[in-house]
Amino acid sequence: MSSRNVILDQLKMYSSPGSSQRKTLVPKARKGSIEIFTEKATGAGAKVFLANEVEEAKNQIKKVLEELDGDIVYSSDKILEDLQIIDIAKTINKVAIEGQLEKKLDYKEIVFKSAIGITSCSYAIAETGSVVIEHSNSNERLISLAPETYICILSDEKIFENRYMLADILEEKTEQASAYSIITGVSRTADVAMQVVLGMHGPKNVFIIIYTGEL
Amino acid sequence: MKANPLLFEEVAKVEVLNHEQSDFLVMVKGVFDYLCNNAMNDYGDSDKQDLARDLGGDIRLNSLGHLAELLEKFEANAIANGINVLWAQDGDEACKLVEGLIDKHDVKIITKGKSMITEEIDLNHYIESKTGVEVHEGDLGEFIVQQRGTPPVHIVAPAINLQLGEIIDILHESIDMPKTEDANEIADYVRGFLRTRFQRADMGITGVNQAVASTGSLILVENEGNIRWSTSAPKIHVALMSIEKVCDNLADAMHLVGLLTRNCTGQSITSYVSILNGPRKENEYDGPEETYLIILDNGRSKAYADSELREAMRCIRCGRCGVKCPIYLQIGAYPYNNCYPGPMGVALMPLLLGVDETKHLYQACTQCGACAEICPVQVPHLSLNARYRQMKASGDKEFKASSNIWEGLFFKSLTTGMNNLGLYKTGLASMRFFTKNSSSDGYIKKLPGPFSSWFISRDLPEIPSQSFRQYWETEGYKFTKEGKKNE
Amino acid sequence: MQVSLFIPCTVDALLVDIGKDMVQIMAEVGFDLHYHKDQICCGQPALTAGYIEEAKKSAKRFIEIFEKDEYVVSVSGSCVNTVKNDYCKILVDEPGWLKRAEALSEKIFEFSQFMVDVAKITDVKAQFDGKVAYHHSCHLLRGLGVQEQPMEMLSAVKDIELVPLNGAEDCCGFGGQFALKYPYISEALVRDKVKNFIASGAEYLILADPGCLLNISGYLHRHHPDRTAMHLVSFLAKHMEKGVLNNESKSLVV
């Protein structure tokens, strides 16, 4: 008998009757407040900017980029396309590469040598100040991880009140993305004599640019 | 590390004298208490916090009650997501499965996300001795203790007992780090060192915090990014989990994650929570090409048969109990000599290693209940501890408990004596007689025999010439209504 | 009000004074006190060591002795915890006995718990001009949920200053057999407890359990003979004004 069946058979002998399905009562998804999101994300080490329309968003991105050194890698994504990241970069003499347009073989190399990664964001959680990146054929996993600086573009429409609402939304999706990353501020460690160090293996700087309305 | 908790006493005697360590741990306790209490305040007042813990307990109880059903549901959905699901009855089988995957995929470099289950089965050691493949712990604390060659001292903060100076020396010797006392510079150096390993690794190995049955997802929690690296960059991701780490749905998982991080590091949420549904899809540029999940039993299903013992598996490994345990705070992790030091292992290890071999874990406990009181998923530490002591007293074949005849006789005769007034009075009188010469200034300083260890650091009041019952016999009438009337 | 005294073996044999002190206070209040002469031990040592059949014998004997009483009161939080909480667990397979254990569980109280919660007496008319600190015994605090009651009784003492004690809720390291089996860990725990007591600046360390008292006062006598740990009842009895309480509380309790 396979190990699988040995283990499951033993467990089945002593299972409780009835169904395992449970439903934690979660209120219907409600929009979360930008203020709470901003407060919590800032508390976790992110820098948050609010832009009211597309030009302002572009300006914010430009302002952030101007302060930073190094090349940019960004995910191929409708939102980032609309924001014309590549053009913004050009105006300040920066190189911006769309991760997916390059040959597959070079993708990792590009990400590893880029100093700045930009992706959009599918959801956000106000109570914790977290952004939720959906990793599918867009918003690659490493773009928000490998570069020293990460910039996340978030629509205020995507901010929900709490994590339970996010769980319900993801649960109801017919097709799951291959992964989701819930990112809250900058990576950190306190493993050296309890001193908090910001930026361990992940980005040391995280910028979140929230835009309202349509792009 | 090969677990051998029988060495407990030997190690504890040394560690208890390590005042630097215990002073530091007391400071750590203060910091953790502050942070965790603060984080629990997110739920509201203490009643609301109790509700959050109740819900945590309910979720775990549901998982344990329906373990087989949830595992099968999870497995079906995980397979549909493209995850290869493997099962292992014990640590050896799990290690061999990993070894097989290393061979199959021609793996040269492995990076690891912080994981306790791989410590439980001593996976690093197995891989290094059988395959010669490089294994790099990704978590900074784990990385430091890996270089030092000692087991992690705390589940959340593996190197928390190490002083800054020790860490500097370890890293200077092992990876040539220039000596610096700046924590930022130390972290930065290790970041750079591990970065090249993360980039070149062809296998990432992690644990799992919760597996979600309804979606077939693996949920992993961390602050540093070692787990995200290990599950994003290498072509192979191998995750290991023990059978109890499954829950019904994402909302349940999110609740458990909230309790976990609030009681672990005192954060509402950690920097990163990964929800992994499997390997990359065709049009994706990163993420593993293959994801394997090894579901490990390692003695748990045997304990599952007993509805009381199974409660040990409620644990979600936040480690809050350790920071509350007075014994752990005095002796640190080493005496426990297993990967789950403190109350967490006291609750679980007797089931995995046997009751005889782990006797010091549940005996070196004052049953103060601080662990059970704080536990966010209501692990019944005290009843489990009592149960292990009972198994030890009466013997238990299944869980390798053999009783001690002499101790058994002692408690039998003690009980007889304490339930018979004549015997008790005679016993007390003879104790009074035998200790009479040992006392001065109202205190006994030393006694031979089974009580001698009391006097290593303490005196004992001498036995008064009149017991309470004798006092009552002569004076007691004054305090009853009847007596007062007569007076 | 009739009160039956439960005087645990440690108090009967060793700490006789705290038994007398409780009697003195309760007599001042005017309770009608009774003492069952055949009582000995609640069986906690055997239970703690895992000898459950032996513990059951002691439990049954204890129940037979005390079950007819209106209230049972004791100076030992730990022993009360055994009777109140553990008896029901070990007798769970014997429905007849379980019922009797549950009935007794409702009627047995630790001293301060009884005084404050049942008799509604917080102020025993004591006076003490100085500082004291209070140590929370584990079985009182986490077993019986007795936290505020002893502190309230202390705070009601005239002129007293109840000072905070660092780590007041931490175990003192007694743990019955634990202290004998792991004396070096036990010593470290009681050492820290005493360190905190001394740092608190209190004159007395007050507590409400014979086990903790044996441990802490035993350590103090060896290492800091100028310092004193005292049971709550002893402290109150020592500083009580005699004859005042009786007149005031008559209406309450008779």
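Order of writing sets the chain letters: A, B and C. Residues in each chain are counted from 1.
Keep in mind that, in the parts below, contacts are C-beta pairs under 8 Å (C-beta built on N, C-alpha and C of every residue); 3 or more make two chains touch, one makes a residue touch a chain.
Predicted model only: the values in this text are computed from it and were never measured.
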Chain labels contacting chain A and also chain B: none
Farthest-lying chain, centroid of Cα atoms versus that of chain C: A
Per-chain Cα centre nearest the global Cα centre, belonging to chain: B
Intercentroid distance (Cα basis), chain C paired with chain B, Å: 32
Distance from the mean Cα position of chain C to that of chain A, given in whole angstrom: 56
Contacts with 2+ other chains: residues of chain B: none
Shared interface positions of chain A, touching two or more other chains: none
Contact footprint of chain C on chain B as seen in their complex: 9, 12-13, 16, 22, 26, 326-327, 330-331, 363-370, 372-373, 383, 386, 388-394, 407-408, 411-412, 414-415, 418-419, 421, 424, 428, 431, 443, 445, 450-451, 453-454, 456-461, 463-464, 466-469, 471-473, 476, 478-481
Complex contact set, residues of chain C against chain B: 7, 9, 11-17, 19-20, 23, 26-27, 32-35, 37-38, 40-41, 43, 45-55, 57-58, 61, 89, 138-139, 142-143, 169-171, 173-175, 177-192, 214-215, 217-219, 221-223
List of chain B residues in touch with chain A within their complex: 28, 31, 42, 55, 58-59, 62-63, 65-73, 81-82, 87-89, 93, 138-141, 144, 157-160, 162-164, 167, 183-184, 186-187, 191, 194-195, 198-199, 213-217, 223-226, 228-229, 231-233, 243, 248-255, 257-258, 265, 268-281, 283-287, 295, 297, 301-302, 304-305, 307, 310
For the chain A and chain B complex, residues of the former touching the latter: 2-4, 6-8, 10-16, 18-24, 26, 40, 44, 99-100, 104, 107-108, 111-112, 125, 127-128, 130, 135-137, 140-142, 145, 163-164, 166-168, 170-171, 176-195, 197, 199-202
